[in-house]
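Both complexes below contain chain A, partnered by chain B and then by chain C.
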Partner chain A sequence: MKEARLAIKIFKTLFQDCIQYPNRFIVDTIGILARCGILLILYSYVFKLRDGVINNTTFLFVAWSIFFYFSFSILKLRDISKEIMQDVQKGNIEILFSKPIFYLSYRIWWQIGLGIYSFVIITLSMIIALIFIIGLPPTMTIGIFIPTLILTFLCGIILSLFLYTIIGLLSFWIEDINPIFWIVDKTVMILGGSYLPIALFPTFMFKIALWSPFGASQFVTHTVYETWQTNWYQLIEIQLFWIVLLGLVVYFIFKKAKQKISVNGG
Partner chain B sequence: MIKEFYFALYAIKKNIQNSAELRVSFLINIIGMSINNTAFIILWIFFVKSVGVINGWVAMDIIGLLGFGALSYGIVFSIGAGIRKLADYVATGIFDRFMLSPKNLLIRTATSFFSVSALGDIVFGVVCLVIYIISIHATIYQILLIGLLVIISVIVFLTAIITIYSMSFFFVDANLVTGSLFELFLTPSLFHGGAFQGVMRFIFTFIIPSLLIGALPVEIVRDVSLEKLLLVGSLAIFWFIISISIFNRAVKKYESSNFITFGN
Partner chain C sequence: MNPNSIIVSNLSKKFSFPVKNPSVGWVKNLFFPETKKIVAVNDISFSVKHGERIAFIGPNGAGKSTTIKMLTGILFPTFGKINILGFDPTKNRKKLAYQIGTVFGQRSQLLPNLPLTDSLEFFGVMYDMPEKEIKKRIAELVKLFDLSSFIAQPVRKLSLGQRMRAEVAASLIHKPKIIFLDEPTIGLDVVAKKMLRDLLLKINKEENTTIFLTSHDVGDIESLCNRTIVINHGVIIKDLPTKNLTKTFIYEKYIDLVALSNFTIFPKLPEGITYSSKDKNKITVVVDINKINVQESLKKLLDLFEVKDIDVYNADLETVIRHIYERSSTSN
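Up next, the complex of A and B:
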């Protein structure tokens, strides 16, 4: 109950903040147009050059898969690492630890709340635009699609948060976590199917994407392909496995981190 | 002018010495950024393997493209990372300090900050270009051309960021706006150059100069095209004049925040 109240309070505050500063929404829109929009135009050109089919996949599937990756990225869940690092570097962590709230849960809700407004509006607008421009692949019209999409999306959020929280918590020991963040972030970018959609992955890379937490955090990009209908439960099982494992890692690292903290006052 | 140049060199030297004090962090940042950049090589090489050759672009051209891109990014942000902080300087009133300085305003602002990770980009860029030179069996003429094109890419990159970050004087929440514009400029420069054709090529050459950073230089080296070299060179000069003019006009919009600080 206390947890729900905290989440609602954070969401309310951040929603008012978004309304007050619409610039952020505009910036997110430009950001997704710059990356996703240009990439889709380029892929449409490349598919036309290859008579519409590459690796037995058409542009329609690839476009939706890429779109799901970039739509997920609007949530900016990865920024939780930097937020934790800044809390540690600036000393805010002392203040936040002394509050009657659980620090990690505050950071997680804050991170979700920060991107949810832009995510909902941009994703809905882009879905409508994509339906009108390129249409829907048949795999997205079957009954199982939406429930499994929501399930894998939620698992992806939790997994991403755990993954990036672990990196953030390393700032209790390492002064600058940026290099580690870059490497993990780029691994997620490669294995998640951002610039290169998973349908174009070579076999070994596809296997790594399937079995690693980096690729598993972006399984939302797998949902548009035909294979999803037969192996969705297996992929969600992989996500659940990583959630449990990384959840335990977060728990133990945070426990150690709390012992590491030194309050300097001031 | 020479005095300004010496001042810039002195500021850069001090910035490097300052950053190198934290040795472990310094080295980890450089190595981390180099590893981080290889992600783009992996992505585009697999792309070429899956899709095949597009408009004459092979895997080695992508390495050349990333080499030009990373090197120009690295050089600009190692010597002039202060430009990227312009939005913060304006919002917090720190820009007052630069305006009161007797040195050239742009040089003073640009050299006020140093990005250690940009050195990783330089290392990565140099390695990529060396691999590119070896793999295409470049002639002396092509090697000299690469040297010249690196200078042109740096000028284009510098002018682009001066133009983008000059917007800091026009918006209240400028950090987000400039960040977005920078992404709009940078992202296409990292994409497969062969896929930009027709309208897209026109836009990202003449309106947003992203292709001048890497894609066009690679095509110039590959085809030894003097026509394209002239085009890129002329556009670099054009953008340089425009960016300086925009910066000077933008500065006039600055209103001091009048924060009482003690030089921080």
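Up next, the complex of A and C:
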């Protein structure tokens, strides 16, 4: 109950903060729309060059898959790594540790709160735009689509938070986590289908995307393809496996990290 | 009921960190670095009664902040026991946090972009207070700390003095039994310092809040704290009532000699007496009372100078504290 109340208060506070700085929100929105829009235009052109079909997939599916990747990335869950690193480097961690809260859950709620408003607004407006511009693939109109999309989306959020929290917690041991963050982040981007949609992956890369936590955190990009209807439970099982495993890793690393705290002036 | 709010027994904290050895390659430095160990706090013990106002002082690197951070559960001790209001901070950090407040002078806990009132409400929720109680407590703090003129302003637009008042108010939102303040007056002007000290005295008096403060500012210690603990090199070197600090550590007396006409020559002084300042109208000398007593000094000075007036006084607290630090440094 206390946790839920704190989470709601964080969301409300960040909403007020968001209203105070509408320019930041507008710039973020334009940036995301531009990146996603350019990629969609390029892929539309590539598909036209190949008579509209590549690897038995049409642009309609690929476009929605790319959109889901960008929609998920608007949540900025990856930034939890840097927030934790800054808490450790700047010593702000001592302030949060002196409060009656669980540090990691506070950081997680804060991170979700930072991206949730941009996510809701950009995602809704882009869904409407895409429906009108390119239409809906038939796979998105069947009954199980919405519930399984929500399920894999939530699992993806938890998995991403755990993955990037582990990177962030490494800052208790190493001064600068940026190189590790960069490697993990680019791996997630590639295996999640940011550069190349997963439908166009070579077989070995598709397997890595399927079985690694990096790819599993972005399974939301799989939901638009026909294979999702038969494989969704298997993919969600993979996500759940990684959630349990990475959850345990987070727990044990954090337990050790608490004893490693050292901030300036103590 | 236990009369002590803080009990510390044989507390130690060691830090170890990797150091680069220039004589070996980067691979060894990366994977098998040499480590340097520092003993920040070394076997200290003390206790604090409810409602006491403690100054925990020492030079930079003495172990003050490390001790405060162990007392608040932020750092884990290497050895020793801590009991704060019946809680062990290493095991009950969250439970303890409901009972204590912290102010770190060099770090802000407030939400920078939002009005101060939002920060206070935010902390109220963090401390799981009912909405009604949060509103009531904010009203009390606004009155007590005179926050009304800037409560609606974003925190980043507050002056440093206003911000520090707000920081202390935020740390008191849940009516803590102890407040730990780590250099709360750092960077404040004299007016803001006085205002903050008066407020702390007020909450100590009205809410019986125990105050545990570290500071380099002698004014904070003199005007606020009834007891002073001096720490250096991680070891407690003195623990005594603040009013006794000057009396106990008077190794020097100052004597002002006001000239009858003008001082023209400044002769060599007897052993144990040195010039502090020389002016044609006034001379100030420092008497080392371990070498020569005040009566003897006065006799010898009156033989040397024709004076209109004499003033004998003790060194100020700042000088006394400097002497304590210096003596403990040389003895180590």
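As a convention for this text, the second predicted complex is superposed on the first by the 262 of 266 C-alpha atoms of A that agree within 3 Å, B and C clash if a C-alpha of one lies under 4 Å from a C-alpha of the other, contacts with A are read in each partner's own complex, and residues count from 1 in each chain.
Operating definition for what follows: a residue touches a chain if its C-beta (ideal position, glycine included) is under 8 Å from a C-beta of that chain, and two chains touch if they have at least 3 such contacts.
All of these numbers come straight from a predicted model, not from anything done at the bench.
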Partner chain(s) touched by A:Leu114 [first = chain B, second = chain C, both, neither]: neither
Touched partner set for A:Lys99, first chain B, second chain C, both or neither: second
Contacts of A:Leu151 with chain B and chain C, given as first, second, both or neither: neither
Partner chain(s) touched by A:Thr13 [first = chain B, second = chain C, both, neither]: second
Which of chain B and chain C A:Leu163 touches, first, second, both or neither: neither
Partner chain(s) touched by A:Asn178 [first = chain B, second = chain C, both, neither]: first
First, second, both or neither for A:Ala209, with chain B first and chain C second: neither
Broader residue contact with chain A after superposition on the shared chain, chain B or chain C: B
Touched partner set for A:Tyr21, first chain B, second chain C, both or neither: both
Common interface residues of chain A - those touching chain B in one complex and chain C in the other: 21
Residues of chain C that touch chain A when the two form their complex: 15, 17, 40, 63-69, 72-76, 93-95, 97-98, 100, 102, 104, 106-107, 109, 111, 113-114, 118, 121-123, 125-128, 154, 182
Complex interface listing, chain A residues touching chain C: 2, 5-6, 9, 13, 16-17, 20-21, 90-95, 97-102, 258-259, 261-263, 265-266
Chain A partner contacts - residues on chain B that touch it in the complex: 22, 24-25, 28-29, 31-33, 35-36, 39, 42-44, 46-47, 49-52, 54, 117, 171-173, 176-177, 179-181, 183-184, 187-188, 191-192, 195-197, 200
Chain B contact footprint on chain A (complex, rising order): 21, 23-24, 26-27, 30-31, 33-35, 38-39, 41-43, 45-46, 49-50, 54-55, 175-176, 178-180, 182-183, 185-187, 189-190, 194-196, 200-202, 205
